[in-house]
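Every chain is named by a letter (A, B, C and D) in the order it is written, and numbering of its residues begins at 1.
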Amino acid sequence: MTDAQLQHPTFHDSRPGLATRFLTGAGLIVMVYVLLYVLYAVQQPKALTSYSIAALINNTAPLALAAAGQAIIVISRGFDLSVAGVISICNVVLAVYPLEGPGGAAVSVLICLAIGAAVGVVNGYLVAVLKLQSIAATLATMIICQGIALVILKAPGGWVAEWISYEMTDRLWGVIPVSGLVLGLVLVIWMVLRRSPFGISLYAIGADESSAALSGINTTRVRLLAHVVAGCAYGLAGFMLSAQTATGNPSSGTPLLMLTFAAVALGGTSLSGGRGGVFATMMGAATLTLLQKVLFSAGIASFYTGMFQGAVLILAVVFSAFLVRLGDRK
Amino acid sequence: MTATSKTATPETGFTQTGDTRGSARLTRETVSTVSVAILCVLLLLSARLINPALGSWSQVETVLVLGFFLVVLSFGQGVVILTGGLDLSLPATITMGGILATSWVGAGNPGEWYLLPGVLAACGLVGLATGAGVLWLRVPPFIMSMAMSIIVASGLLGYTRGTPRGAAPDAAVALMKSQVLGLPTPVVALVIFAIAGWLFQSRTVYGRYLYAVGTNVDAARNAGVPVALVRILPYVISAVCAGFVGIALVGYSNGATLRMGDDYLLPSIAAVVIGGSSILGGRGTFLGTVGGALLLTILGTIISALGLEFGLRTIIEGSIILAALLLLREELFQKLRGLGR
Amino acid sequence: MFDDRPEPSGAEPGAERAALSAAGLHKAYGATVALEHADISLAAGKVHALLGENGAGKSTLVRILTGAVAPDAGTMLLNGAPYALQSLLDARTRKVATAFQELSLVPNLSVAQNLLLPDLPRAFAGMVSTRRTLEAGAEILARHGLERIDPPPTVAKLALADRQRIEITRAIDNAGQVLILDEPTASLAETDWLFDQIRQATRRGVAVLYISHRLAEVREICTEATVLRNGTTIASVDLGDASDGDIFEMMVGRKSAHERKPRAKRPASDAPARLAVSGLSGHDLHDMSFDLRPGEILGVAALEGQGQQELFRMLAGLESPHSGRIEVDGTPVKLSGPRDALKTGSGIAYLPEERKTEGILSGLSAATNVVLPVMGQAARGTLISQGREMSVAQAAADRVEMNPRYLSFPIGDLSGGNQQKALIARTLATGAKTLLLFDPSRGVDVGTKQSIYAAIRAFADEGGAVLFYSSELPEIVQLADRCLAFYVGRITRHFEAAEITEQSLVAAMLGHVAPETTEGVPA
Amino acid sequence: QEKFKVYLSLSYSGNAWQSEAANIVKALAQTPPYDEMVELEEVISGTDPQAQISAYESMIDEGADAIISFPISSTALNRTINRGCEEGVLFFMYDATVTESCAYNVSYLSAGFGENTAQALVNELGGEGKIFLSRGVPGNSVDQRHTDGAMHIFGQYPGIEVVAEYYSYWDDRTTQQETAKALTAHPDVDGIWAQAGEYGAIQAMLDAGDRLVPMTGENSAGFRLALADPEMQEKGLAGVSAGSPPAQSGYAFKLAMEILTGKRELEPMNIEYPLPWVPADAVKVCEGDSYESGCNVFPPSKVPTSFVSEVLNPELLPEVNVESALNGTPVEGAEIQPLPAEVTEAANEPGINCTRCDAPEDLYKLTKVAATVQP
């Protein structure tokens, strides 16, 4: 509806202002998070001790990483269910073949990344090259991965290497949680990726694949790559999950599946692609985990916590969408 | 949307009657529907190799009885997907149907003839809420229905305080346990439902609206389609279907649990997609979906007959689903189209 | 019938060695043969027109020349060297660039990024430099006289016409050897800017392939033309020595059906207005007042983005006015949407602007697309009968002379022009007595255009009322009984039948106030 | 004086077993004198270990005195529990267990459900026949322990052939559907070894044909009543009802309270709850609201078929009755009775109730039945 202005000889800048851009980006969810944290701290003074904070971040890390991967796929206009499978496989592998010491940890990380990447390649090939619908293809790969996990480890058990399970959940100099650093690292990588041609193409194919193709973007490669990158994120998530639970469980990934989508949506990433970001998604994940704490310390009758979680989910999405529209209107 | 060849329409056009370039005969819907059906049969027959007792009529009966639930569910799910949505609230709504059927109605209740519809109505309200949220609050269907699912589930948890009470209504038991024309009632019901559902989707005005909205909401609105109605109602339909399945399940296993819906979500989506529908909406037929649902059920019965450890079984199941998806791919269809020339 | 087809070698009129030449191209989509046997050859520094009816195969040919689709058969040469394309990128590296009819811009990327895709200027660590992207973008825009447009905002925020300009600019900027323009003027009201750009390109020795259904344009910018019919090259001619009649005959394969009959004068009916608008104001509209009577065809002339979109959307119930009144058949109404508009009074049917995004329902058959608003008519009881659907659709299709054969195709597979016909057929099928047609003949070939005009006139003669906007002045001159000229959301002038001439329209469109009217904005 | 802060942490709620177990604890906490001494809060954290970890963390921060819990994982919670112990929190796990040595496990797991029921079935079948294994949740350690025990027995009898093995998620409905599927391949099955959900297997058999087979299962009212029902016995049903008792939660709670109130020093960390064992002939329907005079199942008029009967225990939990189990309400005028002084220590079960420990040689020794048929 801004056609008239465009005809005016006068020069128009239709960029949203800094404020709106912040609000429509990760800003909203960050504010929500801070707000909830205040609520939490008010009811539970211990919330501000570096231990509680570290514990909270440890608790958040696996979901945050998994959701980060999911966000990448969603931005490219897809769904990825295989996240559950990848995490399970990584978890059981780390529990069945523990590798002690920092060296072992390094190798373990590489193994997880490799597993994620491998599954990512398969997904990517099915979706980008064979043109299967992502939700369908990844449903199949998820089932297969869960099978593999069960083959590797029949029932919960096994031991994740001490070094991993302690160091990765520890605090540097008793303050900075290692898991927090991992999240930070992933964020930095995303910052670079997002500004790389790959990142830009990612948003492009998410918004309009055929136009992107006609504009000379190699959509197949971008899509494939997206699945590989996402896979690596899942692998990392599996690694952090193992570090935290210190043990193997062939179905450890399953509970995270739906939560990743909730996190993505909370982060304001539209499930119809081309919009959103990884940082906001991670904050979304953090909010979900924090919400449990808040509801707990608020003493909500355990039966009804679900009601609040659902309501918060809806409200957050409605509100961020509202802000986005404000931004567009401007 | 059948395609007619140029000979079917003699030179009625004013212009360009000279344009004799051929036109498509097969539609992708027909192709995928047929191929799903073929896959089902092949799977059933190949089962004999695994175990002679399989592929028998009794297995077919079991498949149809167990498949009934999934077929009804994936009708609702399919209608929602057709309009470009997604309904993740199925598990909760199924459970709701089951819980209410046992606690409100229960066995030997003379009022069941109006109470059971009441149960369905209640489930419908859940769908209405979801639809309203999607349409007016503009919450993505995925999230809206997921949130509704969480909310309803915890509501039921609170309502039952963790222990569902009561037994199945007689009508529900009758539906699942009686026989008609020497066939188990669910089998007959499935056939009727499949035909009715197909007619609804492909042969009614409302059905066309569903396709239109699923293809492009704005264009549909411009074409005078009552978009609001067409976007909300599917969620109601889906919820009512789920509620009905809940009641049927209660009739089948005489009692409700709070997790009775959980194993049906992904299958309901898988059935629709395997049946050749597009998850983005606007494409697919219900017959295809029925095929998909039965395919999954058959797979289940065969898989559980394999004497392998669970992990391997799961791998095989996933692989077969993947294979089915690959067989029903767009490209293959395009090639077929080329042959049909 | 192919008597005068040129040899592939490219010995066609007035050409030195061919920059790009193709011979015997064949392409079938499944069972649909889009190209039967197409030959074409472009000369460096010349503008070559590609003419043909809707569905003749022009865009398909374009897609092949740009590597978007691979031909089933045929050979292509670029500067004498074999020109075989694996992908779009190949074409680009060979300096062959295209502005597509269905635009190919990525909505959520900035103007600058769209202009520079796929390779954007890098900063350290392989990251894309936003600053240098914007600079480069601004520089390109400047080079092509579009300083007006601002590089940073996303393309989605631009008006359709500006999007088309960006699409064209991108193509021209990448075209070192060959430039292909598929209906570049589809949504441009004036062609001066475009033609300047094209001339600059030809001066650089670029060979240009120009597709349009507007012969006037073609004659202005092109020197030679290739005519496609039913996917086969009929002839390559020098436009100098081919009359419109000849070209039409080559395109359609018969003598011109409709001569341009002068507009039949209608007695200004004093029947109550079908549609009366008073003091209508909105975001881009200011205090609009006019009325539309039965049997009347009212044209709207304006540069793009003067508020005509908003006016049409308000009348279709897609937007609600901030103030002012809309009366249908004498009763004030609040329209809640196109469906509501269809049902109010004698009914209002709306033909939207953007065929691809607001008009067609690609997956569905053309028949369904036509019948959709009145699906009820196709139903026996509750069930739709395929037969009825077809016959209802066919009745409407005949009114716009659309080949019934296309009705059973998915409309997305039809050529743009045929899609347009189907959409007009839809508005007629609704049985509404008032039509709102936004650029009814966009991307429609000459013959079709005449049949559409005929259909519109026939509709008016039966007492229907038509409000239409057109980006083509001749269309308004030929079709309108009365005409309104808009400038920045105001009516600058009312034209009665006699006064409608291209010159006077242009003046009014640019905001020059005609002597008698007082309000209006000086340019 | 200031009340004890006790948390009841469930992983999930939603089946009869879980809510009965929770209700018993709630009822006890409202029974004098505990009603004056305890502030009980229930927390349901879902099937996600992460969530239960976070719930424990919160409870510790809230200054819990004791946490009575059904742990979702036997190992994932260890670090958190360990921290809790350091802060002086008392951990009591019921039914499912954890390997963290500072937490008490109150469980029947070590009591040999698998091997005993397997032997009982073998005896019924006279040492040969085709059988189904209706297992619990895939990848769950409890299910694994039961199955290992059972296979240890079945393995000794070449005549016994496991023709189908499926997971029924300890749920009637799933059991019924999975059994129905298995029956299509093996209509001629001779016996069924089932974990919880067993009543579904009976329904599946009846759906498939008017025939039942000997089977063992857990404690659902439906199953027990069927075992005792002459009509069903006509059709061929025989077997024994054993398995996981919700009453464990009550026992755990009372132990915890006795420690908190200083009435008890508890040496062993792994306490065994006796394995319920009710063969067909021992089934006795109750008239009243509690298990008086040896009755051990409530009639359909009182409870749903899925009701888990082993929720009451005359000598360990005399304070509660069926209403408590259903609604978490205390019994009028009941008073908390002291527990018997001595407890049975559970054997080591590596990965289940201890880490890096060795199982006894006689891990799978039979305690409830003797083999009546030899391989």
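Convention: a contact is a pair of C-beta atoms (placed from the backbone, for glycine too) under 8 Å apart; a residue touches a chain by one contact, two chains touch by 3 or more.
Since the model is a prediction, treat every value here as computed from it, not as a measurement.
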Going by the touch criterion at the top, tell me which pair is linked by more C-beta contacts: B-D or B-C. B-C
Centre-to-centre on C-alpha atoms, which chain is most distant from chain C? D
Approximate Å spacing (C-alpha centroids) for the pair chain C, chain D: 74
Whole-Å distance, C-alpha centre of chain B to that of chain D, is 37
State, to the nearest whole Å, the distance from the C-alpha centre of chain B to the C-alpha centre of chain C. 41
CA centroids of chain A and chain B: separation to the nearest Å works out as 30
Touching two or more other chains - residues of chain A: 149-150, 154, 250, 303, 305
Would you pick out the residues of chain B that each touch at least 2 other chains? 157, 161-162, 310
Taking each residue of chain C in turn, which ones touch at least two of the other chains? none
Which category does the touching pattern between chains fall into here: line, ring, star, complete, or other? other
Those chain pairs that satisfy the touch definition: A-B, A-C, A-D, B-C, B-D
As the complex stands, chain A meets chain D at residues 44, 46-47, 52, 55-56, 59, 62-63, 149-150, 153-157, 165, 169, 241, 244-247, 249-252, 255-256, 289, 292-293, 296-297, 299, 302-303, 305
Complex contact set, residues of chain D against chain B: 13-16, 18-20, 22-23, 44, 138, 163-167, 169, 171-174, 176-178, 180-187, 200, 203, 207-208, 300, 304-306, 326-328
Chain A partner, complex, touching residues on chain D are 10, 13, 41-51, 53-55, 57-58, 61-62, 73-76, 78-79, 138-141, 143-144, 351
Listed in rising order, chain A residues that touch chain C in their complex are 1-4, 6-9, 11-15, 192, 195-197, 200-201, 203-204, 206-208, 210-218, 274-275
State the interface residues of chain B toward chain A in the complex, per the touch definition above. 88, 133, 137-140, 142-144, 146-151, 153-155, 157-158, 161-162, 266, 269-270, 273-274, 278-280, 309-319, 321-322, 325-326, 329-331
